[in-house]
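Letters A, B, C and D name the chains as they come in the text, with residue numbers starting at 1 for each one.
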Amino acid sequence: MVANDRDFYGDEWGERTSTVLDADELVLNMGPQHPSTHGVLRVILKLDGEKVLGTECVIGYLHRGVEKIGESRTYTMFAPYVDRMDYVAAVSNGLGYCQAVETLINVEAPPRAQYIRVILAELQRIASHQVWLGTHALDIGAMTPLFYTFRDREEILKVFEKYCGARLTTHAFRIGGCQYDTYDGFEKEVKKLCDFMEPKFGEYEELLTTNRIWVERTKGVGILNGDDCKALGVTGPVLRAAGVKWDLRKAQPYAAYPKMDFEIPVGENGDTYDRYMVRIKELHQSLRIIRQAVDSIPAGPIMAKVPKVLKPPVGEIYHSIEAPKGELGYFIVSDASLQPYRMRIRPPSFINLQALDKMVRGMLVADVVAVIGTLDIVLGEVDR
Amino acid sequence: MLNYLTGYLSNTTDTPGVAGSNLWALIYILIIFAGVSGFVVLMNWGERKLLAHFQIRLGPMRVGPHGLLQPIADAVKLLTKEDVLPDGADTVIFRFAPVWVLLTAFTTMIVIPFGPQHAVTDMNIGILFMLGVSSLGVLGIIMAGWASNSHYPLLGSLRSSAQMVSYEVAMGLAIVSAVMMTSFTAGWDGAGTLSMVKIVEAQRLQGTWFIFKFFPLGFVAFAIFAIAMIAETNRAPFDLPEAESELVAGFHTEYSGLRWSFFMLAEYAGMFAVSSIATTLWLGGWLRPFPNLLAGKTWDMAFAMFPGVLVILVGFAAFYNAAKMPKHPAMKPQVVGLWVLGLVVVAVGLLMVMPPVALKISDIAWFVLKIGFFMYLYVWYRATFPRYRFDQLMKVGWKVLLPISLGVLVVTGIVGLTPELWAWMGGGR
Amino acid sequence: MKVVTLLRKVFLVDLLKGLRVTFKYQHPKEIYTEQYPLERPQIAERYRGLPRMNVNPETGETLCIACDLCAKACPEHLIVVESERDPVTKRKVMTKFTFDVSRCMFCGLCEEACSTDCLELSQDFEIATFDRNQFIFDRKRLEQGPEGTEYTR
Amino acid sequence: MPEDNKANATPPSDGTQPTKTPATEAKVSSPNPPQSPANPEAKPAVAVPTTPKPAVPAGAAAAPAKPAVPPKPAGPTPQPWENEFIQRLKKVYGSGIREASTYLGQNYITVDVSIVSEILSAYRDDEAFDYLVDLTAVHYPKREKLEFEVIYILYSFAKNTRVRVKTQVANGASLPSAVEIWPTANWLEREAFDMFGIRFDGHPDLKRILLPDGWQGYPLRKDYGILQQDNAWVQGNLGIESGQ
């Protein structure tokens, strides 16, 4: 770390030979202990007054070596670990992992399991977006939406708890389907939840969407156009806000998504406001998907025939899903043993975070905070 | 000697400062110091509680009934905390800055008129004095930011200085328009006043609060002041100098313990000061509402008793909440405490509604009630609005508030000098 | 349309809308906070909390057959099962069973692996202790189940 | 940490020692069904002649791994993958294109390290693969020379298809950076460097990204034990034995 700092500050840093009154540049160390870096992200900002001249992200404070752990656990055992990457969207992580392994062993989950997966994944998307909205608004200074979003997210977590026994790191799905069938009254409860959520989304919007301060703080801030997004590999709502109508749920549908009727909201300018609007619209689309899925959920088994001891044949596959934050991919190399030979996770947050530098150059310090918030990163996933 | 002591008490028109009674001035200073400190403690609890309720939370609940003793617990904590001095800080300035901030915040209090003679003194330049002294407070913030030898405080103090300077302009112009209104008082021969007491007096004589004067001119000036005063006290949505999500804690990032609490004290005292300016200039100071509509001795009495009734209601609210506390053995002391508190509050309220007392203190009570209204607004804004960015804040200050306040000032002058024009425009009063 | 937008802007409609929402939520009945030890949360039936070992309700014998499946299923390898063969019945008898809760991530794989419904993750969620050693649950504690936590303050 | 890490940590006694953890594997796989006769045939079928991928060594590691489960005896195998673009590439680069196959519907192409930059540029410019999904590496210590496989996962928005470009590099060798082609590669290459020690020539700022700068070794290499770093640190800084 020290050597790293020296590189950035220059050699004199340790001796303080340069004058304190050097008015040209100011190096501001934001994080890892900072109220709005969403965990342990550290951003070193080079400032001219409050204007950002450049940034450098220092990450890895939460590195737990998930990929290495994956190489020493069996396929079944590794499933709980993926929940701990993006811990605000654990269901999506688990969905991606289970589907990746299913692709590898060439098994398809039964339809009922697919529907359950879609329902839970969409609920998780809402929950994840709610966490994003609350923290993003808090970064920009609006304290209260945080509490409203967390209150509403609580209802989703209650459904998770009832369904699979855990609220946050759910471990809801297993390779080949689901471990748990729905509980009594699941459909009714989820539908009630949808009806409960709809007006709440309206309230978030009332607090923020037209609020002049919010609009001023977000419009034109952190612009990332479609080409930049593609070049930087940015996916998810950030990409869609830039006007690229691309969503893996439509582009390469998985689970029960092909049977769902929904739209992909897109923005125009690719600024923070558009990303906000895209995510707000996604909340409504998720409700739409959940309603359809609950209405048409088929009966039947929830687990495909999967051997108790998983030994996929030699080979490698890449499978990705549309997690709330972007494309979440798993690249698994199998050597026909019990453990994956290589377990690579393509985390959306990690790659989206890379765009931070491009987005904040020339902006003010306050915008850095807004942009970190709008990228919707989770450091558990960035560092893995 | 005794004569000197009691001499002031027979005086029913002047403040102690004006009457030349230094002893009573000192007593008033002590009362105000204690009162404002008590207000800060109460406000500390009130803000947390209010904010919590805006945010569907409970707020402090564990220290005392409904967290009523929380400010005391916090005060004890702050007093016993280590006073951290950052490495490389400018020791003298670092230690002096909070004292300075506190000093200026409390100095402004001496001209606040809680009643016709309830002020330490009544200066003929009262409002100017308040503005001048309160803007000195920014010096302490700059000192704090500079002396901390840290980037966040530095940025925070720079923001603060720029913000205060630019909002003072709009604020000053809004005040001038209110001061101008005082000169339209019949019998004053067109002479306005800067004295805080006289400004309220002018509103009484004109029979209207200045917020309704030349409607909507007075109201717009008031609105400008109400916005500028939030910026002036560094509160949300203009809390950039201490923007938590950007600058951690802004200019007081490096402070801890008692010195930090000085900043807090000064912040709330500043809120009190600017609210009292707004109350004095536009909301009729200590005057009761509806002086024309509901005139007469009976109504005077009713309005004088109203604050006492309010206090009694607060006491009953305490009873209600005590009855609603969770039934748990661990909660027993709190329930009992709340009952006792309710009884005390009701007793105080009963004391306040007794006609002789009520008439004596009704002016203070109304003044405090109006300030309480502003405090509620402060918390309400904080709960609702996002924070402006620095350049946008400047834009609002210079490009929106300043032109409007200038316009209001000019129009006020014109319509004040030509009442016929105002009448022709369909304006009242 | 333009005029309406302008008027909305002048009369601060956008800000007032937000103020209305927060004002509305002040009502005490909207408060969402649970005063935790005094008001206890409703725990779902499937909740995965502290582990418990079930015993045969009639005989009080353990249901565990010392098959070691839970230990093998555990991703963190925190379950240790020791057994010996009973010379009389020729059956494996569990002699020692420890469960290190401090490393447990409550994934539920052990409970799924258990072939006799013995090991189970119960609804108890109050895990905090004053001592790390107390996180290592032995057979006795697992069979007893959680002792209720009582809060005096 | 549990015992399997210890097993991982023990450095291989000789170069050919499998880096899998035989102890754990043996332990976990004990309740396996008996060996299936079908499996031995599966092995050569999987290892396509052109694939220099001895992921499953015939040596010690394969022994416990043998007893696969009957349902899919042979398993899917990589099929040759042909299209115009591949043919053109083959025409231009000849044997530089080692393999072009499709496995479970996913296409990949293995190319020589000397031409990887050109292939990637061709994919981006000619085939509109404008999005680098991921860049990662796999370590095959049992390969003779080219120990590392670097994998570029590309996606084309226009065609809605993915392709994997793979190349192989030796330990200590370097390969051209893809930052010029896709800026995404910046952090991904840093991560590959951090985890595998693969050097990328022309990378603007190749340094560790997730691990601290003073870290010893490259964790995702198969011969890296988790405990050695921990032990060294604990002994150096605390002067006690590591509790792991």
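In the analysis below, a residue touches a chain if its C-beta (ideal position, glycine included) is under 8 Å from a C-beta of that chain, and two chains touch if they have at least 3 such contacts.
Quantities reported herein were computed from a predicted structural model and do not represent experimental measurements.
More C-beta pairs touch across one of B-C and A-D than the other; that pair is A-D. Taking the mean of each chain's C-alpha atoms, the chain closest to the overall C-alpha centroid is A. Chain centres here are Cα averages; for subunit C and subunit D they lie 38 Å apart. Averaged C-alpha coordinates put the centre of subunit B at 49 Å from the centre of subunit C. Distance between subunit A and subunit D, defined via averaged C-alpha coordinates, is recorded as 26 Å. Subunit A and subunit B have CA centres that are 45 Å apart. Shown for subunit A are the residues that touch two or more other chains, namely 144, 147-148, 151, 207-208, 211, 213. Of all residues in subunit B, those that touch two or more other chains are 54-57, 383-385.
In subunit C, 15, 18, 21-22, 25, 32 are the positions where the chain touches two or more neighbouring chains simultaneously. Against subunit B, in their complex, subunit C makes its touches with residues 15, 18-19, 21-23, 25-26, 28, 30-33, 35, 37-39, 151-153. For subunit D in complex with subunit A, the touching residues are 4-5, 8, 20-21, 24-25, 28-29, 31-33, 42, 46-47, 53, 55-56, 61-62, 64-65, 68-69, 71-72, 75-76, 78, 103-104, 106, 108, 130-134, 136, 138-139, 151, 153, 157, 160, 162, 164, 182-184, 186-188, 195, 207-214, 219-220, 226. Partner subunit D is touched in their complex by these residues of subunit A: 1-4, 7, 59-60, 63, 65, 67-68, 71-72, 74, 103-106, 230-233, 244, 246, 251-252, 305, 307, 309, 311-318, 320, 327, 329, 331, 333-339, 341-342, 344, 346, 350-351, 354, 383-384. Only residues 9, 13-15, 17-18, 20-22, 25, 32, 43-48, 73-75, 105-109, 112, 121 of subunit C touch subunit A when the two sit together in their complex.
Put simply, subunit A touches subunit C in their complex at residues 73, 76-81, 84, 144, 147-148, 151, 154, 158, 161-166, 169, 171, 179-180, 183, 203, 206-208, 210-213.
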